[in-house]
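Naming follows writing order (A, B, C and D), and every chain is counted from residue 1.
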Amino acid sequence: MSEVQFGSIVASFPCQVQWGDCDPAGIIFYPTYFRWMDAACWALFAGVGYTAKRMRAEHLAMPLVSADCQFLYPAEQGDRCEVRSRILRFGGKSFVVAHEVQREDGMALAKGEETRVWGKFANGPGTRLRGLALPEELTALFRAA
Amino acid sequence: MSEVQFGSIVASFPCQVQWGDCDPAGIIFYPTYFRWMDAACWALFAGVGYTAKRMRAEHLAMPLVSADCQFLYPAEQGDRCEVRSRILRFGGKSFVVAHEVQREDGMALAKGEETRVWGKFANGPGTRLRGLALPEELTALFRAA
Amino acid sequence: MSEVQFGSIVASFPCQVQWGDCDPAGIIFYPTYFRWMDAACWALFAGVGYTAKRMRAEHLAMPLVSADCQFLYPAEQGDRCEVRSRILRFGGKSFVVAHEVQREDGMALAKGEETRVWGKFANGPGTRLRGLALPEELTALFRAA
Amino acid sequence: MSEVQFGSIVASFPCQVQWGDCDPAGIIFYPTYFRWMDAACWALFAGVGYTAKRMRAEHLAMPLVSADCQFLYPAEQGDRCEVRSRILRFGGKSFVVAHEVQREDGMALAKGEETRVWGKFANGPGTRLRGLALPEELTALFRAA
């Protein structure tokens, strides 16, 4: 599997820590970061033309292989943040997205990675998902930008 | 719309308040109750044979018209609870499910209602959902029990 | 309990339907609306000076008595929305917040209400919460605006 | 930092994939696994006497340093699962919990790890959290069992 390094496109996904995102310790409940990373990944792809609407229409999906996150500093309710996301690498069928979560004052809150595959539903959502080779047309969008 | 009263079948859905279900006040974050009520409704239907698997296979769904909940006593992490659910009434296409959330010692924590319609996806999940008359075969299951 | 009608201040809370907010039917999972309404209520109070930080510092909270929502039109992943929130009425210790969720094209998606009480933790978060009379200083902020 | 291997105690946390835990692809939304792993970790500690109630009373917490998960097979609504959890190692202030999620038929769905620290709130929840050396009394409970 030949891998290509990508790093040029960095998408920014704005978010804010809500009351319900926090736990009894008064700080962010950690799965919230994974919710944000997932949403940020979708925003990254929407930014190059693969919007939710298009993904739906073309029966595309990008299920997870693995995900990890390091929690660097506790976020509190009201904190305005952004998730900065970029493709770390494209493999044949899989790719890795790197995410950094920053508070608006620049404080690094968390950083993580998602490994995903590219796939297509055989017959619409809910039907069997088949892994696909990452289309050159897609990877080129990240290379060109 | 003729309505029939139902009250015989009461399904019990067990649940427990988790750390991540609570907010910085140290008590349950209220949308958790709606998550439970939704899951309890699915369990109620599974109990009479309309399991998730069957609903999926037959392209059935039961989207919401409205939902409400009264919060009677604050639940804390670790509290073991059950949601007791029953059909309050079947209309032509819609139906009302009543839910009571109790702590294991019998303390009433919350009670609410969901109004739902019965529907079928035109062409599998994600495609247009059409409301259906509630099948007699389904409503009879609740009457008979 | 004398009640005063309020309607002047309308706060707008922006939000977007994410992949993880949707269910296998491909539309928003309904408790998401309650998560949004809660966040929108906090934003409404932040708008008049009662920010999360201040609420925390002064050991204030606004737990729920009840909540309801009508679901008017199914929202899909990617839909950009706003929750428009206002105080419907202040009672002695409780108050009602009305929320309307609109898609960016103006389509009404949902509308609901939350009834809350005003309270103070006896000794910081996690300790007993006592209901308080709504401070005149607070209610005046909504009246004046 | 001397590390001790632990493997004897394996706690089992039962869970079930709910409608609202799934995404438009009809499979589990991956942050759900992290919610489960968090709850399973609390259950593991409750099993040796460190219940939520005790943790609360003694102002203890176990915030995260990092978390990761590999997703092995897609889970669907209705799947009954268990999270099997054990301490992988205790360091000085931190410890690692390993989790395996299995479907009731034994199918491995996911496996992950959480690295946490042991800490105490200076003055109750919401106040500054200080890392503590893991008490010998605690680590002994896992060794002995």
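One rule holds in what follows: a contact is a pair of C-beta atoms (placed from the backbone, for glycine too) under 8 Å apart; a residue touches a chain by one contact, two chains touch by 3 or more.
Small disclaimer: the values here were computed from a predicted structure and weren't measured.
A count of contacting C-beta pairs for A-D and for A-C identifies A-D as the more extensively joined pair. Greatest centre-to-centre distance from chain D is found for C, with centres as Cα means.
For the pair chain C and chain D, the distance between mean C-alpha positions equals 32 Å.
Distance between chain centres (mean CA atoms), chain A to chain D: 24 Å. Rounded to whole angstrom, the centroid-to-centroid distance between chain A and chain C, based on C-alpha atoms, equals 29 Å. Touching of two or more other chains is recorded for residues 19-20, 24-26, 29, 31, 35, 38, 56, 77, 125-126 of chain D.
Residues 24-27, 29-32, 34-35, 38, 56, 61, 63-71, 74, 121, 125-126, 129 of chain A are the ones that touch chain D when the two sit in their complex. Chain A contributes residues 19-20, 22-26, 29, 31, 56, 77, 123-127 to its touches with chain B in the complex.
Across the complex, chain A is touched by residues 16, 18-20, 24, 26, 35, 38-39, 42, 46, 51-53, 56, 76-78, 125-126 of chain C.
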